[in-house]
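Next, two complexes with chain A in common: one pairs it with chain B, the other with chain C.
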Partner chain A sequence: MNTHVKPGIWRRTGNARTAFLYLLPSVILFSVFVFYPMFRTIYLSFFLTNQNGEAALHVGFENFAYLLESSAFLNSMKATVLFVLYTVPIGIIIALFFALLANEKLKGIGFFRTVYSSTMGISVAASSVIWLFLFHPSVGVFNRVLSVLNFPQIQWLLDPEWALISVSISTIWMNTGFSFLILLGGLQNIDEHLYESSRIDGAGYFYRLRRITIPMLSPTLFFIITISLINAFQSFGQIDILTKGGPSQSTNLIVYSIYREAFINYQFGTASAQAVILFIIILIVTILQFKFGERKVHYQ
Partner chain B sequence: MKRVELIDLSKSYDKQIDVISGINVTIEPGEFFVLVGPSGCGKSTMLRMIAGLEEITSGTLKIGDKVANGLPPNKRELSMVFQNYALYPHLTVQQNIAFGLDVKKVKKPVQQKRAEDVAEMLGLTEFLQRKPRELSGGQRQRVALARAIVSESPICLMDEPLSNLDAKLRAHMRMEIRRIQRTLGITMIYVTHDQVEAMTMGDRIMILHEGKIQQVGKPIDIYNNPANPFVATFIGSPPMNLASAKNDSVSSTLLIGDTWHLALPANENYSHPSSELIAGIRPEHLRPATKDTPEADKFYVEVTNVEVLGNETVFSFELGGNEWMAKWSGQWHIDSGDRIPILIDTGSLCIFEADTGELIKKPTDLGNFVFGKEVLL
Partner chain C sequence: MMSIKMKSGVLKRMRNLLKSSLFWILILSLAVLTACTNSDSNTNDEKSNEDKPGTDETAGKVSIEFWHAMSGTGQESLDAIVEGFNESQDKYEVKAEFQGTYEESLTKLRSVGGTKDAPAITQVFEVGTKYMIDSGYIEPVQSFIDKDNFDLSTLEQNILNYYKVDGELYSMPFNSSTPVMIYNKTAFEKAGLDPEKAPETFSEVIATAEKLKTDDMFGFSMLTYGWFFEQLVATQGGLYVNEDNGRSGDATEALFNGPEGLNVFNFLDTMNKAGTFGNFGTNWDDIRAAFASQKVAMYMDSSAGVAGAIANAPFDVGVAYIPYADEVQRNGVVIGGASLWMSKGIAENEQEAAWEFMKYMTTPEVQAKWHLDTGYFAINPKAYDEENVKEKWAEFPQFKVTVEQLQDTVPGIATQGALISVFPESRQQIVTALEDLYQGADPQEVLDQAAEGTNRAMEIANKTKK
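Right after this comes the complex of A and B.
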């Protein structure tokens, strides 16, 4: 005999409704600021738009087809990939180097920790302006130094050969502070006893680095590599201030190219298509990284 | 096997206060030497100084016959087990054990062989491919032990290695460590704050309090003849009962805790001029008075608390402002509030000088608690 009365649907979903209520604020925020723009972008990428950015003509995948044949877009892709390759590995190696230095227990190390992480506190715009002065062809510090040393002058931001490198250098400088801080935090989390134990065994500095520090730091490294990759793909501010995508498109990174397409050429359709492609690329890179990188990562 | 000698060793972290000072002790080759003391007394500091992880402020440290003050840790030929084990979380048990060998560039097959041998000895064979986080506390502790043993160093330092284990595992590991130390003949310096570990494991123990040596000796000697009131209360459970005492040489009695007059044998007299005394007696030496006891020898006490522990009964009472405890074997049906007569032998009494804490009378009569092997034959 079944005396158990099945509770009504209103009753049974009680927990779910409570949970949803808790989630509601973030659901609203995400919807307004993330999901809606995302789906709107995907929607627009299948259309040609009018001057006001409204969808005018459904063209299916033609925007994508057009982009993949456009030499300007391919050039922009190439510049972006080069930019990522220049900035991410070098930036992380430099940050790691500083973090290792700043992790030593020395007098006054706090000063260096502050200095190394200070670039975090400067906005992209402000630091770009500083770099603009440093790169200045005649009064910039770099060319002054070169001329003192009797080297030929370099048109840092005006020479298509050099512009991407110059922008990369300033980007590395801007991002070092953040990576440094995260890596230093990771280093400080490593149990001091592990090093003491290895010292008793007689392990030297590089042995400890290779067999203790790097493996123990791997989750942090993995995190900072992921963040740096995504960040590099999305760089915009420094391009806008330093080069405006020039000279001759050599620094026209993809986000800058999207911006130009949308707000200068008013081609919201192709701009959206570019954005979707960027989204897919970042997605693929991140998935690949998780697939291959995470195997080597040791989590506590 | 190597001797470790500490001569007038002291350590200060801030150049002002010495956290340990005036340490003079020689640890013999192959000895199991236990360093015991309350929390913060400087045990770890001392061990780390011997290991070379902490600088020596003054004094001399000799390992073997060489002065080792400035020697880097790896040149001291010792191994160390840390309190938290300090296992490498990203390496397997096998790699953890072989880590030190790999540092010393021992060949891979030899590394493996030695790691496996030690793992076998400690019953870790089936865990060799696991990571430390997949092990229980006791297994991790054994890995830490294995790491120390595999190095075949003549000296091994251990810092409270059993403190994270449950009582049963701890008892097991006590014997295990002792057995391994004996078979390999390692010189062991073992830090603990647990007096049971100190009593059961050490060939000799050293009691440290506020950075100073209180007493060094065989556990049983320390138990029987504590050098001062601190040692008397630190070793033994329940601790030795203490109360202030005065010696009356005219009537030849000892006044304990302002209430008890204890008649002294004619030839005994503790008249330290002008000095206050402290009398101490172990709980098991406070014996029940029987019907045959002369009324004059009985002391009546009012029981404040009773604990029956199966084969023994511990009860407490108050004397001169101190809580005293007595431990009788067997199950006694006593209730708190009862007034019961007890008996004190002057022979089992310890007497200390109050100011210096110096022991001026050792107990001569240890009651029925010391037996020779002859009894069994």
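Right after this comes the complex of A and C.
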């Protein structure tokens, strides 16, 4: 028992080996479904592919150079950034507003909580089809209402000026349920005593909101902002169903453009190059967010 | 001491357990890994035959898969036809499987093409023709036609023209359609126009659209879809790409931005600027709904949409030939739709089964049923002599117009249709060009951009070709 021999390397790394064994299942799964596709994507982005999608011609950084000069791709980037700006802040503010409302202790509040979070239960495809009917140029509800009110008709999905806004509106609607649910959960976790003592000190509703609710909610808010940002960058289903990237490329977000390049045009090389660029953008945004956003987060 | 010993014993056992469970996880993951890599490799010959159709020992029937992209009424009709084939004989059994849209089923085919797992028959859209020929996945049906002395002259020549490449038929035509102009006869009457005489040339359409335009109704519309543009170019005798529309060699340059293409864009631009053109986007259902709800008086549709237009419209519907530029002769239309491709690399008896099924599909009875159910053409003109077709034509003479337009088509390189492997991409370029045009961009400029995009796509395709 009391041997003073220095333990061998095998024994010293015992903990590390055990840890690795515990990690192994997730390492394998990640390798198969995340890392391998990722490296494959990076590999393909340096090639032009033939009609069967196999790497055929090594072109180095030519795909990237082409993309950064292509007005279509720059337009995609612009549309994506606009889309993120339209959907994320508004979506979170609306969800926060609903969550604050639904956090009040009233009779029958359960009904409203269910209603506000109900959009989470509808798939992107199903809700996009519903919105497709609402936006319909000749028989859609919105244009009917506008004509009843004597306003000029709007070509919701056909006018390049409007299409991105229309898609954003439907996206906000789809995402609100999830954000609402997470934020409501965050609100419910805030200690009641904080409110009680502040009430005794005579703090008003908005003072409490600003000084207690928002700071205590900040970890949840940070989480939902990060998730919403990534989701917004990766939006695909609603684009595919509502506009297919049109009109005039105004809703051709990067993910949709990748899909089109890969599975309609069979250009896996340029598609992969776009995917790599998107990956870098999301990486940068997330790093920036952790660097600057997290400072304002108050962990208990 | 004892307790320590016990502990280490427990630890040992736990470690053993851990090791063994890890071992299983490892095996499992490896299985997943190999399964994944297997599905993308094309050299998957050793895979067992159990889970795929082939010779079924017990029934003694050869069973094959048939991938198609027909949904809705097309699928119902197709299922009934397949069932009819299975009951008509006892040697072969065909299993029809819906694989999503044309694009989706083609993507799926790419992962199994050329292997034993490929379906014996796949339905591929007309613009995939060049891709399929180049892919090496397929057995040209010409080899069976020669072996079997099958008489091709029974089939519609204008349809065969499209699918024949270098005088050889690679796939069996199946569902074929062409564009037509559909118009609202009641609106023509209201505007004081002759409802039996549809405008024929671009300038006539422009003038008629002007007269038909009211506060609620546009004069003319066209789905924002490359196919219609191709047709309007072809009917003027214009070529889409060089190398005789890609039929005498690999096309390297787009020609659709020439005078014929510009005619089409100017035609649309004139009406758009005059406010008589209604833009209803890229969705077939939207433009059809607009016509049925009297938001537009004339529009371009596929001949396969005629039945629906007549059924849905609460007014009299007229069908006419597609318009052409004033200064040229009308050449007619290019065939659209899809054809049936036979796989290479599958068992010989499966290919025979596929061939038998294809022959069955070309019989007048089947084609008559298909034509009536869907509005697609009968690829066997004898189908038009069938009693039920005659009855339907008497009731709806509009159907006849679509067939006449096809039969009036002047055979030539233009109406044979272009053959390029990057058609889906090129169509996307045209859609963008049209959308930009409707926003007021210069016709020649947007056409040139589309041509440039198509050129690049063709260049890459030629560079990477095996």
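The rule is simple: the second predicted complex is superposed on the first by the 283 of 300 C-alpha atoms of A that agree within 3 Å, B and C clash if a C-alpha of one lies under 4 Å from a C-alpha of the other, contacts with A are read in each partner's own complex, and residues count from 1 in each chain.
Following the convention adopted for this analysis, contacts are C-beta pairs under 8 Å (C-beta built on N, C-alpha and C of every residue); 3 or more make two chains touch, one makes a residue touch a chain.
Since the model is a prediction, treat every value here as computed from it, not as a measurement.
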item: Chain B versus chain C as contact partner of A:260, first or second or both or neither; value: second
item: Which superposed partner A:155 touches (first chain B, second chain C, both, neither); value: second
item: Partner chain in contact with A:216 - chain B first, chain C second, else both or neither; value: first
item: Partner chain in contact with A:110 - chain B first, chain C second, else both or neither; value: neither
item: Per-residue contact with chain A, leading partner among chain C and chain B; value: C
item: Which superposed partner A:50 touches (first chain B, second chain C, both, neither); value: second
item: First (chain B), second (chain C), both or neither touched by A:201; value: first
item: Residue ranges of chain A touching chain B (in the complex, touch as defined); value: 191, 193-194, 196-203, 207, 211-212, 215-216, 218, 298, 300
item: Residue ranges of chain B in contact with chain A within the complex; value: 51-53, 72-75, 78-80, 82, 84, 86, 88-91, 99-100, 103-104, 133, 147, 151
item: Chain A residues within the chain C interface of the complex; value: 1, 21, 24-25, 28-29, 32, 48-53, 56-57, 72, 136-139, 155, 157-158, 160, 244, 246-249, 260, 263-265, 267
item: Chain A-touching residues of chain C, taken from the complex the two chains share; value: 1, 4, 18-19, 22, 25-26, 29, 32-33, 36, 103, 107, 110, 113, 131, 134-135, 224, 279-282, 286, 289-290, 293, 295, 421-422, 424-425, 428, 431-432, 435-436, 438-439, 457, 460-461, 463-466
